[in-house]
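In order of appearance the chains are A, B, C, D, E and F, and numbering begins at 1 in each one.
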Amino acid sequence: MDHPINPRLRPADALRTPRFSGVRTFMRLPHLESARGVDLAIVGVPFDTGASFRVGARFGPAAIRAASVLLKPYAFEQGVDIFSRRGAADLGDVAVVPGYIEESFGRITEGLSAVLNEGAVPFVLGGDHSILLPELRAVARRHGPVGLLQFDSHTDTWDEFFGQKYNHGTVVRRAIEEELIRPDRSIQVGIRGSLYAPADVDDARALGLDVAPMMDARRLGLPALGRRIRDRLSDGPAFLSFDIDFIDPAYAPGTGTPQVGGPASWEALALLQECSGLRFVACDVVEVIPAYDPSEITALAAAQVVHECLALVAGRAPENNVK
Amino acid sequence: MDHPINPRLRPADALRTPRFSGVRTFMRLPHLESARGVDLAIVGVPFDTGASFRVGARFGPAAIRAASVLLKPYAFEQGVDIFSRRGAADLGDVAVVPGYIEESFGRITEGLSAVLNEGAVPFVLGGDHSILLPELRAVARRHGPVGLLQFDSHTDTWDEFFGQKYNHGTVVRRAIEEELIRPDRSIQVGIRGSLYAPADVDDARALGLDVAPMMDARRLGLPALGRRIRDRLSDGPAFLSFDIDFIDPAYAPGTGTPQVGGPASWEALALLQECSGLRFVACDVVEVIPAYDPSEITALAAAQVVHECLALVAGRAPENNVK
Amino acid sequence: MDHPINPRLRPADALRTPRFSGVRTFMRLPHLESARGVDLAIVGVPFDTGASFRVGARFGPAAIRAASVLLKPYAFEQGVDIFSRRGAADLGDVAVVPGYIEESFGRITEGLSAVLNEGAVPFVLGGDHSILLPELRAVARRHGPVGLLQFDSHTDTWDEFFGQKYNHGTVVRRAIEEELIRPDRSIQVGIRGSLYAPADVDDARALGLDVAPMMDARRLGLPALGRRIRDRLSDGPAFLSFDIDFIDPAYAPGTGTPQVGGPASWEALALLQECSGLRFVACDVVEVIPAYDPSEITALAAAQVVHECLALVAGRAPENNVK
Amino acid sequence: MDHPINPRLRPADALRTPRFSGVRTFMRLPHLESARGVDLAIVGVPFDTGASFRVGARFGPAAIRAASVLLKPYAFEQGVDIFSRRGAADLGDVAVVPGYIEESFGRITEGLSAVLNEGAVPFVLGGDHSILLPELRAVARRHGPVGLLQFDSHTDTWDEFFGQKYNHGTVVRRAIEEELIRPDRSIQVGIRGSLYAPADVDDARALGLDVAPMMDARRLGLPALGRRIRDRLSDGPAFLSFDIDFIDPAYAPGTGTPQVGGPASWEALALLQECSGLRFVACDVVEVIPAYDPSEITALAAAQVVHECLALVAGRAPENNVK
Amino acid sequence: MDHPINPRLRPADALRTPRFSGVRTFMRLPHLESARGVDLAIVGVPFDTGASFRVGARFGPAAIRAASVLLKPYAFEQGVDIFSRRGAADLGDVAVVPGYIEESFGRITEGLSAVLNEGAVPFVLGGDHSILLPELRAVARRHGPVGLLQFDSHTDTWDEFFGQKYNHGTVVRRAIEEELIRPDRSIQVGIRGSLYAPADVDDARALGLDVAPMMDARRLGLPALGRRIRDRLSDGPAFLSFDIDFIDPAYAPGTGTPQVGGPASWEALALLQECSGLRFVACDVVEVIPAYDPSEITALAAAQVVHECLALVAGRAPENNVK
Amino acid sequence: MDHPINPRLRPADALRTPRFSGVRTFMRLPHLESARGVDLAIVGVPFDTGASFRVGARFGPAAIRAASVLLKPYAFEQGVDIFSRRGAADLGDVAVVPGYIEESFGRITEGLSAVLNEGAVPFVLGGDHSILLPELRAVARRHGPVGLLQFDSHTDTWDEFFGQKYNHGTVVRRAIEEELIRPDRSIQVGIRGSLYAPADVDDARALGLDVAPMMDARRLGLPALGRRIRDRLSDGPAFLSFDIDFIDPAYAPGTGTPQVGGPASWEALALLQECSGLRFVACDVVEVIPAYDPSEITALAAAQVVHECLALVAGRAPENNVK
């Protein structure tokens, strides 16, 4: 990045106006219509028609924005002062079509392509995990097939549900079929609990993905797992997809298909911090459903995840940067 | 009805086993796979892909069943001992396809046709209001175009949303276009609050419907409004569709598009009691979303509405009866 | 009452210390161990083993006390400045035995007898409605059989549940059998909804009770209903028992067997105000379950009901007074 | 108003983009920094340091905005198409200083003066009721002393709490002392329940206010009460202040000092509709506390109240208009 | 087990019908009236009269069933495909008598004896922990005294509460007195926090039990603790009793006497997985109270515990099996 | 301590009266007006005007008291039978002035000075963290500058917010400026997440404090961190301040500025247990906001923290004791 940072493209100063005041954009960033001149672009995708169990992630972007006003600009554990390094803005939401998967996928891909074409890195607030497919279509259009780093308690590689091809449980298989991701540079972390059959994991591996179930992740420990991720992703462009159900339901109850037995939030954040140096060209946090989040801790955790992702992208050494 | 009542087709006796025990069928009725020999058939339709705002009515049938265990067999205000007059069962749920409107509509119509073909009256637990269309397709297939008595705070007669024809706000217009209902024998009660434009109501009237907005309903009073409904519906077969958002959000917070300013529950029940003698061939209660119903009063109100509908159908004089 | 009012027997002054401060006694009244010198005695009875459906009224007294700190000393609609006329205190809770009905009933009767023997009027915070029986045993021991004014959506006159004689649905029948109340001076107001059979109401009437179902109450209107109550209760000593499920679940969701179709809180309060002049020797408010009361409105309504009862007793002309 | 309406100054079209999408401004109106060219200006005042019991109204503006996305542009009962008559925008929040009353009052007065000086009518989203004082300071600076129409369950005319002059219970007395309102053109509607003493109401009357307690309001009925309000307010400039605790806690649980026994939402709305023709130069809705509003009905009711106020102002005949 | 598996005795296929549809049996298993031909029998025991603090576990079975629909048939960490190895069904609930401990204990023992006599392993959904006594009576009748593996934050070995012998805190002492368990083959894991006195643990040890307080468990680590459990339980028939308050309240808030400082869910599940090979003839999960579980994570954790238990029993090598 | 223990200064016996009964004092201790003769004094400080984000800690003391009734007298992990060693009482709340910081600070300092002057150790139930300043003023007046052991996710060492000097984010800097604490004997544990800038931590260190961020604490492990705390605090008088947001939001959602990534409750408790032997002359637990604590686990955790603190003080060897 060689352009100077626009001083307006940072959060409102919480030492001057209270965090609880003002219209809720992410971190009280400026609300812009286009990504022109923006490095880090927050984009909401309030789509949840792809959900197979609990539904309501359409309110996820609003909830994450509301929680994000608690965040401050400096990522302490990563040591990155995000907005002194990159300009950021909240671009609002893609106008999806509730109840209509194909139409919505089209709009999501177009919306993100516009962001990517400006050279910005989109940070998507979902939405259910089915949006990963149109996200990847936009990303691959710009960057070619990318590596996928997926934190999730499910593989999302089923072939179909109820005879249908598109929903939040089939999306990774579709992405591979469409050659949007490179399985050899992709890894799924966190799978656990009850499966339909061993094939759930075996199939993901047969598709070429590296799968690190939760029990393996625990056995490895955070540093070794971090190494495995970095080795797998390597230098190429990558997509970081964080399904909030990766985290244990105690930490993230407000989600669509909660799975007991996940990591604590701090473990998830530490794992993200291990990803320092990787080259993420887009990120998402999905499956936050505020209607099941009475104390708002899920939205808060999701906002913190976005914050870590912002720091990961902002903190890369300039010569390796996205653009 | 000339067949003897099957003594098994009634709720479990709450003086012998506690209401809080056992698998939750509606009122702890027997759970059957087919409507054969059943007069009153409870059917869940857990479909909510047609919702334009809050979503989650897929859990409506389960919530209404859970609340219904508090109900007892005798409808006090109507003076009808339901299950000594008619045999009833809970047939479980239609297997819808979440995220896919057309496929689901097909399954709903088939599921209800099977019930209707056995001569039973279906009492549908929704689901969002979009299911009215496949319900009416099944009913019209059996009975021809029917009168529609719709309690609702919205007319649901828009032409399209986001360029799409099918969702919970367009369903009545679609039903008229498909000649499933007879507008001249149909009435909508409860419209209120904010509209897109006067056309919202004018268009419904132009389609031939009688529209009784909430402010008119209050001016008329319950007895006169009851008379207007009975006159409008007349003797023919009719469908009673009860959108729980007809009731004020204080009484029914757990719904998709709550509208302030509605009637109290007791007024809604009294209005149902005014419908005694009408010939309902199917009923539904829709738009219950338990995720927004922390104290469960919405599900309880919906269960009571179903109870009144059961009594309306069971209480008709034999010679006028459905079959 | 001819004794001077002890100036300590009144609530803490909310213009000097904030209502939200201090240990939660009812209205921040002094907490005493005995009723000696006290005219109006708040007594908690945290017993809920008699409940047939939802349970947890053992936390009712604490919740009503917590809500009561919002109450101020002057009952506006009745025009009664309660604590300038009578001294009041909170005596804490009777030590019941959870899970054991008979043992608890014994303790409740003893606890209330001690209060009554000091000449105080007990205002009982329940607990489930089964406590009415030991309450009446204590009251009848002191005053002989009394009139019963029962606000309730159920008659509580069943003979037994699951083969057992004592629970919150049989308590009025037991009280009549034990000659604790005078049916000819008793009335039940608010019955509605679904019953087991017409006998539910017919039996109550056969026991000699006057039953005013909700639909009759609405037809009569508040003034005529008030007259009917006053005529029925007449001059003798009376017990006022207020089951919070008398009020509609929208106003009182936090209760054990909620029944849709009840009055608004203001109607219930107005009805209490109609009872001015009657000679209540004890009152209770029962069936508040805070676990089902997320916004605390049920506890608040119950506290207000107690306030009206305090004013009813404090406001009687001295010459007619209890003592 | 003689200027043409700016077509951008209206809500986003919910038939084209879903209501649940986008950053939450009121009704998804455009978010502007200044009131220049705006007729109807939404302004949040997230101040709650003046609250004497429950606190958290600082989150009121965000909650009302979130609920308001359900509102549509046409006020059905008033027959007013708001945004075809007036241009509107959301100006965000005044930057208050939590914990500091005087400093915040200064900022609120300055913030609203800027709005009023542009000729716009401010619709304030509170905040606790203490903000009425700085609001009235701004309004009186522009319009001179105004009439006050206050819907509230409390008079807010105490002299001090805990030895302090400024909080949400003393604000109307302060406003009279500062000659910001004309008591002879002011009326308070809804007082009820428990008071400290009869003086609570008597003092308000002695200050020159007309006080219509809830019991009188019920006795009068809506049309007569409407007439009394219109007569009292007369033709001059007026401030409409709506404390959400005017409405019964069943309809508005999420508030700071809930008072049982209030009107239903529909009655409150009907009363607002009776105020058609009055000349309101500013309006507020205060005391919404989302932390006590688990099903969000309080925020929804507040949003609907703002909608009625918008229609009242937009619907006045041009020749009588504000400017 | 030498009989072929009945293909109907498995969950409904979630790839064909959505999990959220249908009447809630455990994992959508078939609902049968008798255990004939069933290997793994789900049985609800909705009894909570034995609870000493929070109450409402009578709704535990329904909540666990509702959450269980998210479970899939293959236990990933144990590597067991449950229903290809054993036939399972949900037998509904035992008809207890709320408020009556002895009567209910009799019914529970009879109900479970009928299951055990068919050769099935019961998996009991509680209910408060007092049900352990009638469970063990049934088990001992069939298998003689058994080993007890108890996960719990309390020892439940007090002698009496409030002068009474039977409640959820005395049940293990009673079981030893009645010679239903073999203390030398029994172990309690998880005791922590505040006690009445050191005697709480010393007495349990004096009764012959092995007690592994939480602090010891942490010191040992999971593998060593697993070894200690397996050594203690050895080869004989054993009962696995899982009080959900074993888990920390962050993971299981919805319980009767929550105790801060417990393990994460994943640690509890890992500990269960360590029990592979043991010979459990019955299991229970108790003390789930949905009224204190707003985000439903407690019920979900409990369902997952049942799933692990099902896999433990189904996964044993045939020659060691129960029958 | 050489005086005999007053046998009344201990909790009510939960084996004789149920924990859920009686007025809620902390652990059902006696409620006294003065600390005379009391060793361990519970004092509520319901002040929350210093909060910068969520507010409502004024209800913290009541919530902690309500949860504390579950606690028993023996601290198992510390091996301390608290009330056989020290007499304890609940002194109720300091009468603060909501909305007025200076006036409230004065009252808090006076209230605690009275407690300290009786030789008692105060255990303060907050309240937001701004109360630390008046607490320390009282403590320093009695003991001179003290060591501060602060568990917190924030340093609270900012200079001002919104141009103001006093709120819950500036309090530690103020305490150092006023020489109430000795930075060289003080340590802050738990800082994490997002900061305004590196200066947030650097400044705290420049003020002389030892700061152990959460990431360092994890690296050290509990025993080494315990050693560092003990070394830092050394022998002198110390104040233990526990901001509940030290714990992760999964364990303590009900707080004002929750910060993802904290320790589990058990880790926090273990750390407190590491502090055995230190000489605490006062303790507090602050920032519990029950309105954000729907399942009450935050209040429960806070009560457990107070319990550990009581055991720390009661468990010191007599010769080292406070007096």
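By our rule, a contact is a pair of C-beta atoms (placed from the backbone, for glycine too) under 8 Å apart; a residue touches a chain by one contact, two chains touch by 3 or more.
For clarity, every value in this text was computed on a predicted model and none was experimentally measured.
> If we define chain centres by averaging CA atoms, which chain lands farthest from chain A? Would you check?
Following the centroid criterion, the farthest chain would be C.
> Which chain's mean C-alpha position is the greatest distance from chain B's?
It is F whose centre lies farthest from that of chain B.
> Approximately how many whole Å separate the CA-defined centres of chain A and chain E?
38
> Could you state the distance in Å from the CA-based centre of chain D to that of chain F?
Spacing between the chain centres: roughly 41 Å.
> Which whole number of Å gives the spacing of the CA centres of chain A and chain C?
Centre separation, chain A to chain C: 55 Å.
> What positions in chain F touch 2 or more of the other chains?
Where chain F meets two or more other chains at a single residue, that happens at 16-18, 20, 52, 58-59, 95, 97-98, 162, 248, 250, 264, 292, 294-295.
> Give every touching pair of chains, nothing left out.
Chain-chain contacts present: A-B, A-D, A-E, A-F, B-C, B-D, B-E, C-D, C-E, C-F, D-F, E-F.
> Could you list, by residue number, the parts of chain A that touch chain F in their complex?
Going by the criterion above, the answer is residues 14-20, 70-77, 79, 81, 248, 250-251, 264-266, 269, 294-297, 300-301, 304, 307.
> What does chain B use to touch chain D in their complex?
Listed in rising order, the residues of chain B that touch chain D are 52-53, 158, 160-162, 191-198, 200-201, 213-215, 218, 248-250, 253-254, 257-262, 264, 292-295.
> What residues on chain C touch chain E, complex-wise?
48-52, 54-56, 58-59, 95, 97-101, 103, 162-164, 166-167, 291-292, 294
> Quick check: in the complex, which residue numbers of chain C touch chain F?
16-18, 20-25, 31, 44, 46, 58-59, 61-62, 65-66, 90, 92-98, 294
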